[in-house]
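Below you will find the structure I want to go over with you.
Chain nomenclature is as follows: A, B, C, D and E, assigned in order of appearance, with residue numbering initiated at 1 for each chain independently.
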Amino acid sequence: MQELITRAKELLADGTVARVLGWKAGDLEYNPQPAFFTNEKELEEFVYNGFCGANLSKYMIEASKLEGKTLICLKPCDSYSFQQLMKEHRIDREKAYIIGVGCKGKLDIDRIKANGLKGVTGVTGAELTDDCEELCVTTLYGDKKIPYADGMLERCSVCKGKEHMICDEQIGESKDTKTGERFAKVAAVEEMSSAEKFAFFQKELSKCIRCNACRNVCPACSCRKCVFDSTKFDSAQKANVDSFEEKMFHIIRAFHVAGRCTDCGECSRVCPQGIPLHLFNRKFIKDINELYGEYQAGADIEAKAPLTSYVFEDVEPSVVAERSKS
Amino acid sequence: MKSEKKQAEKIKEISGVNPLKCMKCGKCSATCPSFAEMDIKPHQFVSYVQNEEIEELTKSVSLWKCLSCFACVERCPRDVKPGKIIDAVRQLVEREKDGDYLSPNEIPELLDPEIPQQLLVSAFRRYRR
Amino acid sequence: MQRIGVFVCHCGSNIAATVDVKKVVEMAMCEPGVVHAEDYPYMCSEAGQAKIQAAIKEKNLGGVVVCSCSPRMHENTFRKAAEKAGLNPYMVEIANIREHCSWIHKNMEEATEKAVILMKAAVAKVNLNTPLQAGESRVTKRALVIGGGIAGIQTALDIAEAGYPVDIVEKTPSIGGRMSQLDKTFPTLDCSACILTPKMVEANAHPNINIYTYSEVEKVSGFVGDFTVDIRKKARSVDMSKCTGCGVCQEKCPNKKTPNEFNRGLNNRSAIYTPFAQAIPNVPVIDREHCTKFLTGKCGICAKVCQAGAVDYEQQDEIITEKYGAIVVATGFNMINLDKYDEYAYSQSKDVITSLELERIMNAAGPTKGHLERLSDGKAPKEMVFIQCVGSRCADKRGKSYCSKICCMYTAKHAMLIRDKYPDVNVTVFYIDVRTPGKNFDEFYRRAVEEYGVNYIKGQVGKVIPQPDGKLLVQGSDLLSNKQILKEADMVVLAAAIEPEPGVRNIATMLTASIDTNDFLTEAHAKLRPVESPTAGIFLSGVCQGPKDIPETVSQAGAAAVKAIGLLAKDKLTTNPCTAKADELMCNGCSQCANVCPYGAISYETKLINDHGVREDRRVAVVNSALCQGCGACTVTCPSGAMDLQGFSNRQILAEVDAICR
Amino acid sequence: MKKIAKEALPMLYKKIAEAKELIIPVKVCGQTNYKVWTEDAEVDLDTLKTVKSAKDAFFPQSETLYTVKKEDKKLHIEPEALKNQEFVVFGMKACDVQGVAVLDKVFLVDPVDSFYAARREHGIIVSMACHEPEETCFCKAFGLDAAAPAGDVVTWMVGDELYWNPVTKKGEDLTAMVAELLTDADEKAVEAEKESIKKIVEKLPYSNLSLEGWNGSVLDEKFNSPIWETLFKPCLACGTCTFVCPTCQCYDIKDYDTGHGVQRYRCWDSCMYSDFTMMAHGNNRNSQMQRFRQRFMHKLVYFPANNDGMYSCVGCGRCVEKCPSSLNIVKVIKAFEKKEEK
Amino acid sequence: MSINNNSEFKPKIVAFCCNWCSYAGADLAGSSRLTYPADVKIIRVPCSCRVNPMFILRAFEKGADGVILCGCHPGDCHYTSGNFYARRRMTLLFSMLDYIGVENGRTRVEWVSAAEGVKFSATMNSFVEKIYSLGKNVRLEDLRCKN
């Protein structure tokens, strides 16, 4: 972290960048927030540790409009989002100086608390310089040590890899955190009967409060005006009312980002109701991989996106019924 | 008449053939090696089924003269497969004699001089395919 | 909300017999926005249209719904009628209560209920219609004809005569096409070359016609009135401007082992060649795949003997880019491949030939100099058998489902010509049906039977068995005598099915013209617009649209020419206003829409946008409405819904969905 | 003071539900929210904070106001019936109960919101002391006592017993209804529990949060502060904070075409949304900074200015837990604190 | 509402047809008097690629029991490639619907040319039959639209 701050100070000082986009320490151990820093003094509050899960690439849309370059810190997974946004002309590469930061897996305070912990007042062992094997959690009701992996975000256990797709320089070490198969849960749902699938999603989505956090955090949902906020599409909806959210909103959102979603996992991270929203995006990714060939959004700036290309021999939609297990 | 209609339907079902596709070109008869020995010629079989005159078909000599070589099936430009129709009529006749569905494995045991040779040949050919 | 008028047509009893039109009118009056509703026996009639116009004026209608036949039938009629009454034509919507309702349902209650729903959907849509203005685009007064056979030549001549420049693009080294390969033509037995050659010469000499032989269309862009076409002029290796057509090079060429395509490979030609004596242009081509100079680098004899110095081994393919207002497709046909027809022994015996091969054998310039002889041993045949419908009318994958149409007549012609020239040859024709609709056609066939003694047998041939002595044993049916016939023949002629020239699929794709499952180009309407493709500005001439004989081809060629002339005579075209449009305030500039646009109609501009007081430079999509054809692919790709299709907008379609699901 | 054994609670729920609708924290897919009790519901009184507050019980996220039906060309308006059956909200914490008091200030003053008023009239609040307050709690800053919430009946979970103390007429009536399940108890255990809670509250990291300088009279000063310009930056403009908040009361009114009528309904709106208070001319707050400022100015300045100093924040800490960008009202208050120190 | 309504299931079926092939195919079915159930209501769109997944979901939301999309055969699109895009979009959408537990028979894509009146009618007959066998769409319909 210190190396990162030193480098940021250098780049600010020599005028390479006008500002730094990173994370700022919070008032609790586990709640650092995305922030812009414009001088050395402010950088004292800079922090980069296991709780810096937020993907900063979307903030670059606004930063692209500002004078001068912005130093942006990207984790390996964030770099996919950044490149995808570049591909869609939403951000200006020339306005960014990218430092690829190392990653040893990001933490989820809700998962940490799910280890039977209440009133968490401190967590140590999550610095990038730590070996990130064990977390020491202090709480109002006693302290406890838990394995690092037990506090990690779901997405880190199915990590796409610790390689940066795009960056100007790299700082900090990474550690492989992949322990699971990315599509295992999707495949498990696919195995269910039609009624079970419906019950599963109905139950999960019945929690949705339409706060739009999933949409607003999503780097692929970068529309200036979302269809769900637009009166032009007759689709404007705010209410959480029976059966609308769980179907239309989440399916359309997943469809709109299909072929563009890098599977950064932010939607699931931010959902206040803990809905596994990535299951929608991953379903599309899995289908695309299986039906149209492996495709990773954000990995290759030149590759043709699966929904804006085709081949004559593409499968017919009836393949869905043939493949369906329900 | 009614039962003949039923029989015609049965023949279509067994053979999977739609006799209405026939354009009466006669290529089946042109190609048939047993033509000379037949009273009802292969192309006529198709017409008989179309006209639901099954009675005569079941009594015909041709039924047991067809070699099931399926040359007519191969060559038919309209995919009518006269050979399959003949085969179906044979099955119909045999079933009415209670000789229901045969599987190739059962045949050696069941071999009975009463079963016409042609039926066996045909069955073997059919199952080989 | 519009003031809407609903007009329900009885279509005589076509609609009224199944749909309670009065009930539809009554229900229409209950719909929001509807201020007028009436029914009439024939809405499309003069009087019916007058009713619509009167209502528009009297009730100050802002939208019109006509419940009638398919919009593909009369949408234009009603739009024009509304326009005459001062209403924007795009404020008219049709509820299809005939093809989609009265004609397919029998129960009156059910059909009426459905008609009411269709009416409601149309009313819901028209409520959201906005007046659209058709744009204009310029017409390039030049036509392109693809294919230089009789169809292409005739079309080009007719267009040229009307005063418009025409280019012909022909794939082979000479124009002339299939007709130049024929010996005689039915039913008059004219010499094919005698009637074709003058046309070829005329086309070549015509000041308005420019011929690109040995050339292919490579790329087509643009749209009706303004196509841009890249033509690849393949390297001929002979300078057209220098060559005198003396023919010495062909004589001296040491490599004479190349199968002669013009003679269907029945004999060989030199590597530098003109396909046939009357070829236009009379300039040879070096077949680089077979030329010794190109294969080994050694030879160069043709260049040495050419006194004009026209041979140019260095010549390169040339791309010519030209603009056209109209394109006529005249790509013609080929015979199907008979390799799969083992039973006729085509690939086993040289004496089993196709009809087109027989044409070449009978032709004085052909491989046998016009003598009818067996290709295996050169002996004169005594017994000839013709087999009809080889590959035509087939339900299986080996052949074609359609009737090739010309075979009955040319077989009669061949039979007659043989009997005429060689009276000692017996001719037998195996047929399924003899199809002779056409002026003097049946008479011609009867003459073959009655006057020339051709033996017609109803029945198909099952197989042809080559015998050790060189004879061919033909086993066929005689259905009328219910016999199986075994006949020894010296030659067997197969009337092979014809199929569209294989390259047509590629051309159709470039032209965005549709083709059917048999690769014939689709006409805009099977009955009313038989020479036009559904793609505007593309016309169809000859067999590329479906099997036909020479007179039919020539008349269709003329018809296609007239349609093209009709287009070229206009200075400007009105464009379809139902094009895509991007909402600048919502556009993300993400380029996804441009990725799916088949017409390259979407570009991006950086514009100063005032978004409710926030001013900033934004990259936004701009649609070129002259290029946009209104497919709507972009609208679905656009996640924010910034891209919408005028006339079929998101809200309009959703309103229809809502109305139907109500 | 009454009590009931923890293991007997399902019987209590059943008893209440026989007569009245019972709204209680229920766990669904790992998340606990207030829901109508059913026999198979997984009641969860252990989770301190439900994701959403109990606000829904009195002011649902969406509710139909009336339905318009069309017959020929005539329109008929069918008003939605008001709540006319009693219901019980079980397990509300001190902060949530205070949240309802805030809502009362908005909906029960002229013009009275009849939908809300009907729900308030028929709602019976069974509150519950916070057994184990958490690090995100700061109700103390607003003068609330987590150990002694308000309500019609107040309860404490002590060991394996739920202590039950009716304090209002409604509470007495409810108690009478379930009397057979309750036994008498003394207050000793409850007093001990109160002490223990108070001790924990003292240790909470936010307990000493100072609201000094935040009141109805500092409008211009706070409004014009440059702090907002940097503070809002990470805000995603989502509605999480609004929708989990027990006091946010803004709503939007919309129409929905059901195919056989048009339902006019109201639903929660968030001042963080770009179309919040959108009017024909556009929006009067057209940057996220302005919208962000609005939210906190409303809670800490405008609301106290109009309601005798009552803040419209109750310190439940839900926004602290749920904000995707880890922004929250505490950070806002602290940011000003820091600035003013300098 | 009449009591009849419960006992007799009348499905609502939306068919999106491209103007150039399938709508013309439907016209041909009509002029050939090839019947199919009146439950099918056709919406004309210029091309199958005009059909937004949102339209399909909207139909289900509003109570449609089946949605079918008909377009030109692959390779025959009037706009050259529209149906290829539609094919990918619909494949993914249908897969998603299957994934969330909507019976996959409720959605279908068929390629029907202008000449295939017979196919159009046969397709509609088989689709309607399928919808009858699946019964009412209860999983996607918005509760407010139920009555």
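Following the convention adopted for this analysis, contacts are C-beta pairs under 8 Å (C-beta built on N, C-alpha and C of every residue); 3 or more make two chains touch, one makes a residue touch a chain.
Keep in mind the model is a prediction, meaning the values are calculated, not measured.
A.B. asks: Supply the minimal count of touching-chain steps required to go from chain A to chain B.
C.D. replies: The least step count works out to 2.
A.B. asks: Which chains does chain C share as contact partners with chain E?
C.D. replies: Under the touch definition, chain C and chain E have A, D as mutual neighbours.
A.B. asks: Suppose chain centres are the mean of their C-alpha atoms. Which chain sits farthest from chain C?
C.D. replies: D
A.B. asks: With centres defined as the mean of C-alpha atoms, identify the chain lying farthest from chain A.
C.D. replies: Ranked by distance of C-alpha centres from chain A, the top chain is B.
A.B. asks: Could you compare the number of C-beta pairs in contact for C-D with that for D-E and name the larger?
C.D. replies: C-D
A.B. asks: Of the chains present, which has its C-alpha mean closest to the combined C-alpha mean?
C.D. replies: The most central chain here turns out to be E.
A.B. asks: Round to the nearest whole Å and give the separation of the Cα centres of chain A and chain C.
C.D. replies: 53
A.B. asks: Could you state the distance in Å from the CA-based centre of chain B to that of chain C?
C.D. replies: Going by mean C-alpha positions, chain B sits 44 Å from chain C.
A.B. asks: If you average the CA atoms of chain A and of chain D, how many Å lie between those two points?
C.D. replies: 30
A.B. asks: Express in whole angstrom the distance between the two chain centres, defined as the mean CA positions of chain A and chain E.
C.D. replies: So the centroids are 36 Å from each other.
A.B. asks: Using the touch definition from the top, which residues of chain C touch two or more other chains?
C.D. replies: In chain C, residues 596, 637, 650, 654, 658, 661-662 touch at least two other chains, as defined above.
A.B. asks: Any chance you could list the residues of chain B touching two or more other chains?
C.D. replies: In chain B, no residue touches at least two other chains, as defined above.
A.B. asks: What positions in chain D touch 2 or more of the other chains?
C.D. replies: 256, 259-260
A.B. asks: Please list, in label order, each pair of chains that touches.
C.D. replies: All touching pairs, sorted by chain label, are A-C, A-D, A-E, B-C, C-D, C-E, D-E.
A.B. asks: For the complex, give me every residue of chain E touching chain A.
C.D. replies: 53-54, 57-58, 60-61, 74-75, 81, 84-85, 87-105, 107-109, 139-144
A.B. asks: Quick check: in the complex, which residue numbers of chain C touch chain B?
C.D. replies: It comes out as residues 343, 389, 393-396, 399, 432, 458-463, 475-479, 482, 484-485.
A.B. asks: Show me the residue ranges of chain C that touch chain D in the complex, using the header's touch definition.
C.D. replies: So the residues of chain C touching chain D come out as 29-30, 32, 612-614, 658, 661-662.
A.B. asks: Chain A touches which residues of chain D in the complex?
C.D. replies: 28-31, 33, 48, 51-52, 61-62, 132-136, 200, 203-205, 230, 233-234, 236-240, 242-244, 252, 254, 256, 265, 267-270, 273-275, 320, 322, 324-327, 330-331, 334
A.B. asks: Can you name the residues of chain B that touch chain C in the complex?
C.D. replies: Contacts found on chain B: 21, 23-32, 35-36, 41, 43-44, 71, 75-79.
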